[in-house]
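Letters A, B, C and D mark the chains in the order given here, with residues in each chain numbered from 1 onward.
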Amino acid sequence: MEMNLAILLLLSPFVGFLFNVFFGKKVSKGFSGTIGTLTVVVSFLLSVCFFAQLNQNGKAFEFSLFDWIQVGNFKLNFGILLDQLSILWLLFVTGIGSLIHLYSISYMHDDENMHKFFAYLNLFVFFMITLVVGSNLLVMFIGWEGVGLCSYLLIGFWYKNQDYNDAAKKAFIMNRVGDLGLLIGIFILAINLDTINFTDLNAGVVALNKTGGNQALQWAALCLFIGATGKSAQIPLYTWLPDAMAGPTPVSALIHAATMVTAGIFMVTRMNFLFDLTPNVQHVIAIIGTITALVAAAIGLLQNDIKKVLAYSTVSQLGLMFLALGLGAYNVAVFHVITHAFFKACLFLGSGSVIHGLHGEQDMRKMGGLRKAMPITFWTMMISTLAIAGIFPFAGFWSKDEILMTAFHENKTLWIVASIASIMTAFYMFRLMYLTFFREFRGTEEQKNHLHESPSLITIPLVILAVLATIGGAINLPGSTWLNHYLEPILAGKHEEHHLGSTEYMLMGIALVGAIIGIVLAYSKYIKQAFVPKTDNEIVGFSKTIYNKFYVDELYTATIVKPINALSNFFRTTLEPALSKVVFSFGSVAYGLSSQGRKLQNGNIGLYLFVFVIGICAIITYLFIAQ
Amino acid sequence: MGNILNEIGIENYIFLSVLLFCIGVFGVLYRRNAIIVFMSIEIMLNAVNLLFVAFSTYHQDAEGQVFVFFSMAVAAAEVAVGLAILVSVFRNLGSIDIDNLKNLKG
Amino acid sequence: MNITTLLILLLAGAIVTLISGDKLASRVALLFSLVAFGFSLNLLFQFNQGTDISFVSNWIDNPKVAFALKADGLSMAMVLLTTALTPLIILSSFGNNFNNSKNFYALVLLMSFAMIGTFLAADGLLYYVFWELALIPIYFIALIWGNGDAEERKKAVVKFFIYTLAGSLFMLVGFAYLYSKAGSFLLEDLYKLELSDNEQFWIFFAFFLAYAIKIPIIPFHTWQAKVYQKAPTVGTMLLSGIMLKMGLYSVIRWQLPIAPNAAKEYMPILIGLSIAGVVYGSIVALRQKDLKKLLAYSSLAHVGLIAAGCYTLTVDGLNGAVYQMIAHGFVIVGLFFAAEVIFRRFETRKIKELGGIRSQASGFTSMFMILVLASVALPGTYNFVGEFTVLYSLSQVNLWFALIGGTTIILGAYYMLRMFQHTMLGETNTKVFAEVSLNETIVFVVIIGFLLFFGLYPKPINDLVNPAIKEILAVINR
Amino acid sequence: MSPILITFYFLAAITLATAFLTIYSKNPIHSAIYLIICFFSIGGHYLLFNAQFLAIVHIIVYAGAIMVLMLFTIMLMNLNKEDEVHKPRITRLGAIVVFVVMSIVLVTIFINSKTIVGEYDTSGEDFQSIKKLGNVLLNEYMVPFEYASVLLLVAMIGTVLLSKKEKPGK
């Protein structure tokens, strides 16, 4: 029974995918969207069932569907593992997924390929569920690559624009770089432990550590982390995420904010027993997370594309989560993943609503004053912005505060940097809000006349998410730490409760003050001084460097893409013909020899006779001497 | 009648044949006129015939002479055909200079 | 009933096709190839039941050559690959009109016959005869029915012919030497030979030349791209789908067990060379302008990985190599067919002149996309099973091999997606692209179905191949 | 010095000299005439051996038939002029060198080879009378003899065919 339900949970979105692929064109747009949404809702409801059951008996549920690959000394089966962690992820993946599907019915209604959009979305949810419920690393890897594929398909959804296709391709390839790391990490674990089942890995890792295999574990952990940097957009593999905003906005909300990008955090949390044994790698994770948070926040400060701001904000928040992971506070990271999913999805959907209202305009310089025309969008986004900025009592305040607190206890430098990043967050988020919703409209007259609030299918998800962003912090308030207890079986007593002492209150205060400083700065610049960002070519100096994202893309192009392409050209135009020539040279030598030999055959009978006579002489002499 | 070789010696005949043969070879290589080349070939044939006869006497056996007889037949046939070919070559090219006959060129 | 019947069936098919006339030829050939496929399935059934389906009889008394055909799991897998791909390849050509099509299809069946013979032969000389016989049909197919400038084509095809033939001659010399030692060409006698290290070295490299050119491993690959480009697509499919696998199969069947010590000693060099081929092929493919050439270089990269798997001499490596052979056989046939489908409509294979097809033919685009994804070994396709197993075996030997070989998943994604983007996506093309026909769809669907099904449930192939691989490994480690 | 030896040297000198002159003369007619003398001297050698039949046949065939044929040919082609262009100097030099080398090689070989020349015994048996030769030729060598006749026939037909003027227009 449970097994069948679990399979249904897994396959329901896949059925939606199949339906939309094969019949989506024949049925009406609304119907295909509804089917797409319903299949995800089914998964969500089942997840809730499993969640309820788990809360009752607290037992993880694992079973194997069939044997899959057999390598080395172990068989890999296609297994499903439903424990606290995966069910938690399932809940918000399918929950937010359902909302975003609902949102998309309206948002994508004008697109001729709407059924495909829902097909891809459903496929994404299917792969995401696979990723989450897989009972071993390789099944997780199916989902891992699968969501990458869906991300590729959805970023390039408007395939007629080659720039979008480039962005999609870039996302896929950068993810693959990470995937290679993940794969190598899997190999190291598999070779040393002969298993990659999550349930067996824990004991295996511990045993290996005792028998002096720490070196291998470190490499494995590092490789797995490289995989995570690809999927979760961390330095050095983060540049695909801002470009991924080429996709339709619901995609950005679902894949590139709430769910897929958290896969890296999911994986690291899953493998927490491994990372706990490799402190060096944990340091690396913490440092990279922090730097990412800072760099991305800095870039976010000056972006003018509304979705780009949100994208860098996502990267920055993910960096904070990795900071928490690196400090061993997995539950804190998970907490922030959940609250972030709520408010970031809400922000993206809100920005989608704005873009929808402006018929595709994404440049904040051409927005403004939308507060009155789109009140629901405004208020929901405002709540989420307060949440992300870390204002009491919204969800983001609690989760971010936990991270900063952990950082403070572990490493002051990281704490300072992370705090700066969150001040920046408050600044650029309010900059976004002020530019978009306050003061007067800066777009064209025609747009102004068509300004309207989005339909209810769009606003309902917004409201739900805004509510969640408000109260989401309740799951792990520093007094009633439900989440910590819930995750205890996974994280086996590793979390430390932060006792609310004076230090903690002080830290909360500092964080709050920092956020308010950020907001005030944004207010003074964009409301008081009524500053509107300059056009692209007026930006100079350091701002230009930031505006151009520290030229990281250009750096990658110059150091990796161009050399490889140059090498390819060199191989193609120089080396290949040269190799070919080497082979041909055997032929040429034979040809040359024969054409030399041909000259002897010149038809001159006199010469023939000469040679003939000399030959006879030689033969006779030889025979005589040989005698 | 005593053996003639007792007085002359087979070696002398050998040297004579060799020299005659070499003169023939020399002629073949030296001259361009196809007819002279033919003559040189006849000289070579005769050098060999001479040796045959010498050894026939040496072994007191008729077979050597029989062989010479056949060789003469072949020489006759060869000259007949060869000259015919030369005539037709001459008709076609207007010359029997062997340096001009280069159709064998590969 | 034994495997000889399969060979006779294909040979008879070739002859009947030849006399059936130009109009009927393609259908007759398809019929025979389908019957052969059904028959080989039947053989598989018998094989699984444990029936002896091998055939041994004396052929030549002096030197002692036997007409020995034996099937184990490995051979059966390869035979099934051949008989399954042949009807697909023939069906794929239904949209083309060939002059003298009776000769063409007869040659296709003849080639199939020779390749199956190669996979089944258990006698060195017989194997060699089949090996060379397979070369003749493809030579004519590429030369007569190829495309592009006739002079250039002739140059490429003749080069290919002489090159592979020259390589094979070294193998023949190797066999002659083995015969002088063993007094027989029979596989099992050759397996029993105790060769000194020095002898093994020479035998190994004599075989290596033949196989490295056929597979091809860099730097012996120079014939490949041009021939793939110039040959008709059917020929390209036969070459890349099956014929390359002859070389890889032979590595497992002949080269490694006969000269295991040499294989062990030179393992790092061999794997290194193969992996260099992976990277090299991928990088060259990045900037190709011709669709078929790009696929040719991608094929170079993939077979490099397979060869690397073979040379690891581990169960996983050999297993993975066989999986990957099968997977690559299907996917490359599908990809070349996609190129052909495009060519039929647009009369060009230049990537630059394509683009914007997706909005005209979404069904075709989806199928092409799946093939592209299979080719880059997305989990869930059979290629992933193969690639994962091979990479895993490489990591057992040395992690760096796995890392460098693994770049194929990055570079592969790069060139395949780039190709896909510029051929299929973008603004709607000005030329009209008709959606795929029924015949074309069948070919695609069969290939995709195969890849997806076994990608999720590879156990049947695993169960078939694994025992045979273990036996061969036992010989290698004797 | 027996008379026979003197006769031999005399004949040998004539043979070599005329043979050389045959090659050396510029005029083909002269060459032909020197060659006839050469053949006669060889015939003399045959007589010295008491091979009468062969001597006669030799004279008839060579001097009578072959040389006449050659002379006719020379006349036919109108070659009795001294207009032959010499071969290049290097070729002539080469010819001389080859001549010398070949002579040396052959002579050295014959000198150095282990001669088993012993007593020249005479069995006294008749082995070269016309009667005896006729017997040998038509008994033991019957078949080759017939072949020789066929050969001559073929040569004759061939010659006729070759030297026949082609009809114009063909």
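In the analysis below, contacts are C-beta pairs under 8 Å (C-beta built on N, C-alpha and C of every residue); 3 or more make two chains touch, one makes a residue touch a chain.
In this text, all values refer to a predicted model and were calculated from it rather than measured experimentally.
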Which chain pair is joined by more contacting C-beta pairs, A-C or A-D? A-C
I'd like the most central chain, judged by C-alpha centroids against the all-protein C-alpha centroid. C
Indicate the whole-number Å distance between the mean C-alpha point of chain B and the mean C-alpha point of chain C. 67
Between the Cα centroids of chain C and chain D the separation in whole angstrom comes to 72
Measuring centre to centre with CA averages, how many angstrom lie between chain A and chain D? 104
If you average the Cα atoms of chain A and of chain C to get two centres, how far apart are those centres in Å? 37
Residues of chain A whose C-beta touches two or more other chains: 606, 610, 613
Listing for chain B: what residues touch at least two other chains? 25, 29, 32, 99
Quick check: what residues of chain D touch more than one other chain, meaning two or more? 87, 91, 94-95, 98, 102, 106
Inter-chain touches occur between A-B, A-C, A-D, B-D
Chain A partner contacts - residues on chain C that touch it in the complex: 159, 162-163, 218-219, 221-223, 225, 280, 283-288, 315-316, 319-320, 356, 358-359, 362, 366, 373, 378-380, 385, 388-389, 391-393, 395-396, 399, 402-403, 406-407, 409-411, 413-414, 417-418, 421, 424-428, 456-459, 462, 466
Would you mind writing out the residues of chain A in touch with chain D in their complex? 606, 610, 613-614, 616-617, 620-621, 624
Can you name the residues of chain B that touch chain A in the complex? 25, 28-29, 32, 98-99, 101-106
Chain B-touching residues of chain D, taken from the complex the two chains share: 2, 4-5, 8, 12, 15-16, 19-20, 22-23, 28, 31-32, 35, 38-39, 42, 45-46, 48-51, 53-54, 57-58, 61-62, 65-66, 69-70, 73-74, 76-77, 79, 84-87, 91-92, 94-96, 98-99, 102-103, 106-107, 110, 115, 117, 120-123, 125, 127-128, 132-133, 136-137, 141, 144, 148, 151-152, 154-156, 158-160, 162-163, 165
List of chain B residues in touch with chain D within their complex: 1-12, 14-16, 18-27, 29-33, 35-36, 38-40, 42-43, 46, 49-50, 53-54, 56-58, 60-63, 65-66, 68-70, 72-81, 83-88, 90-91, 96-97, 99
